[in-house]
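As structure tokens, the structure follows; a few thoughts come after it.
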Amino acid sequence: MNALHTVNKSPFEKRSFDSCMGHILEGSAVLLYEDGVYAAMKGTAMEGKVKSAQGVRFYVLGPDLKARGVSEERVIDGVEIVDYAGFVDLAAELDKVVAWV
Amino acid sequence: MSEEIKNFLYLNRRAPYGTIYAWESLEVVLIGAAFDQKVSLAFVDDGVFQIAKGQDTSGIGMKNFSPTYAALGDYDVHQLFVEKESLEERGLTVDDLMHLTWEDEDEDWAEKDSIQVVSRLELAEIIAAQDVVFSF
Amino acid sequence: MKFAIQINEGPYQHQASDSAYQFTKAALEKGHEVFRVFFYHDGVGNGTRLTTPPQDDRHIVNRWAELAEQHNLDMVVCVAAAQRRGLVDDGEAERNQKDATNLHPKFRISGLGQLIEAAVQSERLVVFGD
Amino acid sequence: MKFAIQINEGPYQHQASDSAYQFTKAALEKGHEVFRVFFYHDGVGNGTRLTTPPQDDRHIVNRWAELAEQHNLDMVVCVAAAQRRGLVDDGEAERNQKDATNLHPKFRISGLGQLIEAAVQSERLVVFGD
Amino acid sequence: MSEEIKNFLYLNRRAPYGTIYAWESLEVVLIGAAFDQKVSLAFVDDGVFQIAKGQDTSGIGMKNFSPTYAALGDYDVHQLFVEKESLEERGLTVDDLMHLTWEDEDEDWAEKDSIQVVSRLELAEIIAAQDVVFSF
Amino acid sequence: MNALHTVNKSPFEKRSFDSCMGHILEGSAVLLYEDGVYAAMKGTAMEGKVKSAQGVRFYVLGPDLKARGVSEERVIDGVEIVDYAGFVDLAAELDKVVAWV
């Protein structure tokens, strides 16, 4: 079964993003929200990690990006921006939600 | 209530005492054991410290809840997955953990180990196989 | 689809309750069912009727209460977590000899079994925490 | 020596209040002065009189209250943080039209200036947080 | 109250909005400005995100408190140290931050930058020079 | 002036220990307590970091070690174990306390 993994903490402050990345399988999806959106920024150590995850879709919550002043152009290519409705759609589409709180 | 049996995984990633998550997560496991679901626990990241042996909280004035893990077997909760990589990063081996057991009704109440050390990839597959994952 | 929502943190200190609210609202607007919102750990603090946030800030408790009113949401505060943190309704006040209550009338206090039941009955459990 | 103590987290969820209590107790036993204990952020939750922790666990609020009683400690809960999180005394209840209070009588609600003053007047500020 | 003037440093290490620490820290700075102390702020680790420009919280329903940083100059708070290494790790430059200024009374109200980018070692020395460090 | 730096979070979970280590000068002291005591364990990536800090004294809170089942033999050589009274002494001895919460 494929999971939607959610990460809401900054990858610079906490281990949860790295831990999530270590436990995702092909076919699953990752949603970055709250302070987790910083993992979606180009030009940091996170970019390589995101790009090397094979067969995993990445999403980032637009409202949280905007709140933090991260413009869409700074988001890593291939990471899709969604709103809360998109978050709900992903939670419904994937078979379960795993929160890396 | 539905008769459907689900696979429940409790994902434990926090150290004990610094925060209450480990203890209040265990309270959910105990209550949840009364429901007819298939339950397992995963200890990942600092979660492996939850089941370290020799915990003694007398000096910090907090309740030592670690003996409760030993009681899980009596509640028919005996699938405790511990991540190998998480142990190694912390300089721990399975000998640093409490010896947690359960008695197998189907094999004349033979005592068996509850803890299974699994690799990160195996744990990823265990997570993938669940119906519900609880995070605290 | 039927969702269960779990919230592990109190209002204002962490964004968890805000994110959970936005998610729940979006799910309901899409026609999904929300079986229960379960407040655990410091999350019980979302259920107090005594908050007075600044005028120019959102009122997290009232916002939940209004959503519950509109959609007949079942909002449950965990009793064990509530006792540790001082969330009290009439029954709890009588049981533990407290001289006041602080639970908002749109919330109810109940046991952890309500979380398990929500996870059993719902198709998705979504957890918001620290 | 004169200490000021700042506590940023509520009781039970984080160890901050426990550590601060042990530190404060040890400092007082050594004959140091504790000018003030200031409860900020979720730390305001340490000042509720409505908690009922399990019988076999420590009672964090009462423990602080007893220490304050013995050593005449000044325990201040930040008013702005308290309003967001629903900590209320008689004055706040009247001002904000609340029908109940929950502040423990050994604590008092006051402004952030009390934290600054504590830092100015004390020789050491020690912060306990998440 | 004592007449002694102390060096106060507010150590900001958290991102905004995910938690309230940044905002409630700023509330202390504003109140503290009324006291006659020498005040500076340090932005380290994720704290540098607090003063990122272009913050717009309309989509998350929270209050955008970032304009308050621009008001600090009026409160005579104009020593804002930003750690260079923290910026770099996050792929940021000073151009990604708000332009924060103050007016220097002693130089005919000349507008000056409040932000000073300093190295980690310089910040360690700044911390060492303080009388009181506030952490939130 | 010399500071007592305190770290109360696990170095495996949060960035605060590393951040503290990047900002300590010779003559200062570091106290590890609460979940911060895990940074005092031998045989982890922290050991090298602690040992390479020149002219900095390290302390760990004994009651927090015991609570977590970390025996004294596992503590990195040179890290001194103190109780709450020792924590108070350090806070009084050094010129100020810097909390890396």
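Order of writing sets the chain letters: A, B, C, D, E and F. Residues in each chain are counted from 1.
Note that contacts are C-beta pairs under 8 Å (C-beta built on N, C-alpha and C of every residue); 3 or more make two chains touch, one makes a residue touch a chain.
Bear in mind that the values here come from a model prediction, so they are computed numbers and not experimental data.
If you take chain D and chain F together, the chains in touch with both are B, E. The interface carrying the most C-beta pairs in contact is the one between chains C-D.
Annotation: 33 Å between the Cα-based centres of chain A and chain F. Computed from the mean C-alpha positions, the centre of chain B lies at a distance of 35 Å from the centre of chain D. Work out the mean CA point of chain A and of chain B, and you get 27 Å between them.
Chain A and chain C have Cα centroids separated by 26 Å.
Each of residues 8-9, 12-13, 15, 34-35, 63, 83, 96-97, 99, 101 in chain F touches at least two other chains. Shown for chain C are the residues in touch with two or more other chains, namely 8, 12-13, 15, 19, 22, 41, 54, 57, 80, 84, 125, 127, 129-130.
Each of the following residues of chain B touches two or more other chains: 17-20, 45, 60, 62, 132-133, 135-136.
Chain contacts in this assembly follow no simple pattern; the graph is neither a line, a ring, a star nor complete. Of all possible chain pairs, those that touch are A-B, A-C, A-E, A-F, B-C, B-D, B-F, C-D, C-E, D-E, D-F, E-F. Residues 6, 8, 40-41, 80-81, 84, 111-113, 115-117, 119-121, 125, 127, 129 of chain D are the ones that touch chain E when the two sit in their complex.
Chain B makes touch with chain A in their complex at residues 11, 13, 44-45, 85, 120, 123-125, 127-133, 135-136.
Across the complex, chain A is touched by residues 12-15 of chain F. Of all the residues in chain A, the ones that touch chain E in their complex are 8-10, 12-13, 34-35, 38, 41-45, 62-64, 66-71, 74, 83. On the chain A side of its complex with chain C, the touching residues are 8-9, 33-35, 63, 83-85, 87-89, 91-92, 96-97, 99, 101.
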